[in-house]
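Below, chain A partners chain B and then partners chain C, in two separate complexes.
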Partner chain A sequence: MKRIIPAFFIMILPLLLYGCWDRVEINDLALVVGDAHDQAELAGKTGIETTFQIANPAVMSAGDSSSLGAGAGGREGAGSFWTIRETGETIREAVSKMNYRIPKQIFLGHERVIIFGDKAARSGLTPFFDRLTRSRESRDTKFIAVSKGDPGKILEQESPIFQSTVLSLYNIFLTKDGWQGIMAVNMADFVYRLSTGVTSPLAPVVELVPQTSLTPKEKQAGNINTVAVTGLAAFDTDGRLVDYLNERESMGLLWVMNRAKNRVLTIPHFIGGMEELVSLNLVKAKSKISVSIGDDGLPFFEIKTHVNFDLLEQFGGRREIVDVGMISDFEKTAGSKVINEIEAAVKKSQQLNTDVFGLGEEVRRQHRREWPQYKEHWKEIYPLVNVTVECETHIRNRELSVGAPGSRTEGAGQ
Partner chain B sequence: MEPGKISERQLALLITTTLISTVVFWMPQLGARAVEQDVWITALAATIWGILSALVIVALARRHPGLTLIEYLPLILGKPLGKVFGGLYVFWFLFVGAIVIREFAHFLNITIMPKTPPAFFMVTIMALCFYALRGGLEVWARVNEILLFVVVVAMVAVIVLPYNHMDLSRLLPIADHPPGLLISTSLLSGSWRSEVILAGMFIPALSCFRHISRNLIISVVFIGFIVAGVEISAVAVFGGVPTGQKEFPFFSLARMISLIRIFDRLEVLLVVALLLGTFFKICAFLYCSTLGVAQVFGFKEFQFLLLPLSVLLLAMSLNSFKGVPELTDFLSNVWPGYGLLSFGLVIPLLLYLIALFRPVRQVREP
Partner chain C sequence: MLHFLRSINSKAKKGGPSGPRKIPPPRKFKEISSNLADNEAYLRQEFANISDIVFRRFYAGEVKFLAVWFDGLINNRVSQDIFRALMLDIPDKRLLEAPKEKRADFINLRLMPFYDTQKAIDLEEIKHWILASKMVLLVDGCPSGLMIDAENRPQRPISEPIVEPTVLGPHDGFVENIRVNTALIRSRLGDAMLKSEDYIIGRRTSTPVTLMYVADIANPGIIEEARRRISRIDIDGVLDSSYIKEMIQDRVFTVFPLIKGTERPDIVVADLLEGRFALVVDGSPQVLTAPSIFIEFLQATDDYYINPMVVWFIRSLRYLAIFIATNLVGLYVALITYHQEMIPIPLVFSIAGTREIVPFPVFFDALFLLIVFELLWESSIRLPRVVGAAINIVGALILGEAAVQSSLVSPTLVIVIAVTAVANFALGSGYDLALAVRIIRLAILAAGGILGFYGIALVSLFFLLHMAGLRSFGVPYFEPLAPLISKEMKDTIYRAPHWDFNERPALIAGKDTTRDNTPPPAPPANNSFFNARSKKR
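Right after this comes the complex of A and B.
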């Protein structure tokens, strides 16, 4: 008896391993990789329209690996993803309606990118976020984006590299955050900025753009578009989209927010009255905002940026870059260009009255005794505050060449 | 009455597991709702209350060597009142134990297994605790020594690993809230820390009695750092206000971990930590209430009470709360008064003061 009872238990217990109530088979799941939400007319009321891009895992993983080699991978016939669109009064309602049509359980745990339409963004994103933060499936690491047109169209598009547009956007956001004007914003960031009540949230803008070059196969299929990140969208403190920032303003913003990681800055340079262009490559950028309270009682901001560049390209190449004086000329021009970009961003944000830099937060951190008197009126104060920008630029290396190839002419050998 | 003997280190580690296991899941939300980004200060301030509780309970035990809290209550307050307070303490152990089981079930329900009935979790963990306690104090105190390591490693990993999402400037300005609010929130955090008075039930089972106050203080301080670490990490990742808007900031923090696309989806680590930690916490409360009942009624043995009290604890937890909103309402409004401000610190402190002014009675031979 003493042996039989434990043996019996050992035989019974493995039956429990399959998880009882919450057992889910992966084959039964429809893995949503991206969703798009927009406002829609719904029987005279405003409702929402949700589009899901759902992965076809077997094909998608094959397509992913073959993208390293050549050709579109996967089985012929089956696409790497499929999409579904539905309307409803809440997001959950729209999702529940999908169940009538699809044979799988919708699983939101693999969402990578969420795209909001312009209409939804202008009416305020706050209600849309509740589903995303409350759900036990979805994570705060997923990326947010705004589309100027119909966001569902972006999910329905096929991208030439990863096939799934969501996966290509996800890769852009993951690997190219801080490159040029790209700023990846994940949900935790967005929600944090919303929660401050002062700082304006931002989200990158994604658009369908024509491909610049087509393979014969794509021409045949009429697949001429691809997805691209173009600039940033600035929201007000209630999560309503105010306006879009263009590339230059986005770049200015990235300098101040210490998010710039990779950047090619092209500056003109004059030699003997002739213009030639020099491209610099960002190595490291660091900005500091210091706040002081001016005599008029308004806060006063000094943005100090320190940027290190390497020389990347000298287009024209009439002169070897051996002259230290020339390099300090480059530094000056580059510095003023950075300052211009930052000032453009500051000007735009003050025009829109969106504190995208978090200047109000900066006042709160540096002058917390004075902050309560500004807090209530920050919206009126922000367009009036003075911001000065300084930039210190250093050019360190010139990569592997001293000068552009060609015969040595004037100024050589200095 | 307890036949087993444990070492001072085992007791300190047991108290550490008991104190740490539920506070890290509930306190960040409740604290951040009150004081936003300053929540970690309250965790450190609560250490003071915890140290006070530890010192009081050790001082009481030093005055009454070989006796548990329930046994020396009648010596201090006189027999009738002492028995009444002993009964209240037993009820406190049972009630807090019931809440812990409920918290555990709700946590699993919300985070990973929504469809499984909470009763299932409660019954299985209770069965496990009953089984462990039947093995004797020595056994589960030793198991705890091994498994606490897993709990702490999991927690520290979840605190540190989301570093790529952290922005420490979200912690600024430091101490922006009025001191009164910080202190009142630290009372809430300190209520969990004051569970250190459970040591009063274990001290007679110690094999030696030299560094016990030092050990308990170290474990209270250590828990202060872990809780503050969780809160600093959560505020740096989510910001002060969003931390208070999440049901389990610590769990959400684990979900943020994504390093080089390999370290991903580590939240189950945290569920494992909770499972192990709560198991020992329930064991500790069940043990204290069983021992307490036996001593209040003057039984010579306490093992035979294990089964009825396990069932009672289970019944109490099944009937305690309907859902998490009720539970968090209880935790934020009632728990400081029920924990730190009465059974956790104030009553033991009063007992100690009374004991100071009363002559030490003749110790009853066991």
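Right after this comes the complex of A and C.
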């Protein structure tokens, strides 16, 4: 009995923390899949404007299961997703005001993407992350994005292909991370970079872009936009947005950060005075940054990138690719293109004074003893450091054909 | 609560007679009289008011005889043979010439061409034989009687086991007759070391019970303990082996089966060879084997007859099945009411969507459907076969389809309950375990509905601790997993090929622990025997 009574109490005590009174039926939850935050003017003060995208599962399940769901509870004409906007001095306050209009309990456990407006990003995102990291329901794996315009508009836009723009974005981040210039950044990444005080956080930029082709129905509904990821935004170490990187700079960044996974690189090739275009596809890329301390006391960096390509397309090609010299020509051109991209990214980041590559971190790792003296002045040092870039490229495979149809081996036929 | 259970437990342990009791209980002794009329009078008095008893008086030559038996329990042809032998074939002079007191012996040794006869000098014993469905013959002038085994009790033929059917392997099952059952065992295990001890249990039913074990394999301590527990039994009637099971198991308050009952002679023989003992009870097709361990109930006979490469998969399916059967409903309810963030997003939409118009909380929905399933289970056992089809239609169509259409339950929940129901019967040969799983499932559902995953963890922990503490005739219930005996892992989630079962379970078998010395199959690498033959051609 001496042992049973304490054991019994140990089992009973957690019931106070957790139990029946915390139970909520899943259908009583307003499942928030994405939210957008921006700065807003509130009677002379600056405040917060928050937009939520809330799922309406009853409508979704009613669509295809007429016999089973029995029409579910959704109203005729209600959309699968509902957006709601509210302002307040803090995020929590804005959310609490939403409760006047949301008939269910707000649940943030399924947030997938958070979009910040340009204004909020430029004034600093640090205050916004307090709610996101403090909340028990909130997950670290949700994706962060920045919108150049009103972020609420992105949530309000109907997605032409997916259930909602947020889920469309979520899927892009999930499946296209490292493709071309797309980099998915989740909350944990972002907050970690913020916490280092040296490395600059990054976030992908999302925008509404006009659809390139419209069905009559979409034209009639005026539904002419779709959401797209259009590059990266660089922040300073206090979480303030400094500037946007363009596509080329974003691509350069991905090479160095070892995040590039899928990339089509098109290079020109001159043969007999005529230009033909060759598209290469990334198979594997690996970069290494080595740091050494120069004579002037500043660290300098050597970035060595090793890239393997497949040959995907030879547009307007008239010669079969049987010649090793030709392939090494391609490799050389591709290598210089990669170097260009990396250098552009480095240049931009030094201009903006945002250490997006984590070069400071590299110094800390490789020159632990010297790092403390740089750490304090890293902001002044970073724009001055020297970075050299080398790239080794290989083309391994040219898929099924040796040359484009109609192409000739050199000399044959002529 | 715990205290309450404990007090009941200790009471149960203390109960019953203090010392071993003689079986059958001591009877009075009444000598057979030389006067046949006296004997008849005594028997008629003892069997007064019994209409289905037959007293047949007849003469063989000049000697008066009395045959007594219960109508319907005796093979008519055999009894006719007896009468023919005595009444028609002899007026044997030697019978008359033999001394009167030796007449019974004379008939026994010379005139009864039947395989089992026995002489008795006690009228009480005669009475007992009559009750044990034997025929009894009394001779005038002789102070002893004869028992003739012409027993022909109504009985079912040997057939495919009903509870444990199998695809491969033997298809005969035990029946209700103890002699047939022991014969099924003995015919498979022709070893003089297979011992059998008879007990008569039941003050009124006088049910024969046979304890069987292989003397040089079984642990003598366990056998002695089995004898002790059987001899403690003092009950008026034993109608099935489960009576015995409840009276000799180690722990009273547990839902888990501690002694295995099986209809299959091959399982019993396998258990005997592992050092277990078997209890054959007359009138029950379920033969008990013990000590039993938990994983036995997740094994099926087929496992030993099919390719061992496949067995690991089937066995892991069963382990999955017991997890699903116990936990799935509880986990579903806990997920829906407490841990919504753990459901993947497309699933959360579809579940939430279908639950939108369901008026009841998911816990009551789950409980409702589960009870409907249990009711269907119960009713399908009890129902007369003619009405069975009706219940099937009601169960399948009305309760499944209509419950969803009327939005009383969500379709996802119907699938969850259906999977649970299917898993409940995929547990191998243990119907006993399937019953235990019913209770555990309810407990886990309640815990999941009240406390979420924390509650499920708590209840699972409780059951695991409880099971780890169980013993069957002293053998830990979780053996060989806890205590871990790595050598015996050969028959847990996978089964080793038969040539690799080298040792018997150490905690169960007492003496001869070597099961098997077969080397692994090793055909010659170059197939020379084959080439030699083809060359000759």
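In this text, the second predicted complex is superposed on the first by the 368 of 414 C-alpha atoms of A that agree within 3 Å, B and C clash if a C-alpha of one lies under 4 Å from a C-alpha of the other, contacts with A are read in each partner's own complex, and residues count from 1 in each chain.
Basically, contacts are C-beta pairs under 8 Å (C-beta built on N, C-alpha and C of every residue); 3 or more make two chains touch, one makes a residue touch a chain.
All of these numbers come straight from a predicted model, not from anything done at the bench.
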| item | value |
| --- | --- |
| Contacts of A:192 with chain B and chain C, given as first, second, both or neither | first |
| Partner chain(s) touched by A:139 [first = chain B, second = chain C, both, neither] | both |
| First, second, both or neither for A:223, with chain B first and chain C second | neither |
| Dominant contact partner of chain A by residue count, chain C or chain B | C |
| Partner chain in contact with A:4 - chain B first, chain C second, else both or neither | second |
| Partner chain in contact with A:22 - chain B first, chain C second, else both or neither | both |
| First, second, both or neither for A:157, with chain B first and chain C second | neither |
| Touching partner for A:83 - first (chain B), second (chain C), both, neither | neither |
| Shared chain A surface residues [contacts with chain B and with chain C] | 19-20, 22, 139 |
| Chain A to chain C touching residues, read off their complex | 1, 4, 8, 11, 14-15, 18-20, 22-27, 29, 31, 33, 55, 57-62, 65, 67-74, 107, 109-110, 112, 137, 139, 167 |
| Interface residues, chain C side, partner chain A - complex | 2-3, 336-338, 340-341, 343, 345, 348-358, 361-362, 404-405, 407, 411, 449-452, 454, 458 |
| Of all residues in chain B, those that touch chain A in their complex | 110-117, 120, 165, 169-170, 172-173, 176, 237-242, 245-246, 252, 255-256, 258, 261 |
| Chain A to chain B touching residues, read off their complex | 19-22, 133, 136, 139-141, 174, 186, 188, 191-192, 195-196, 364-365, 368 |
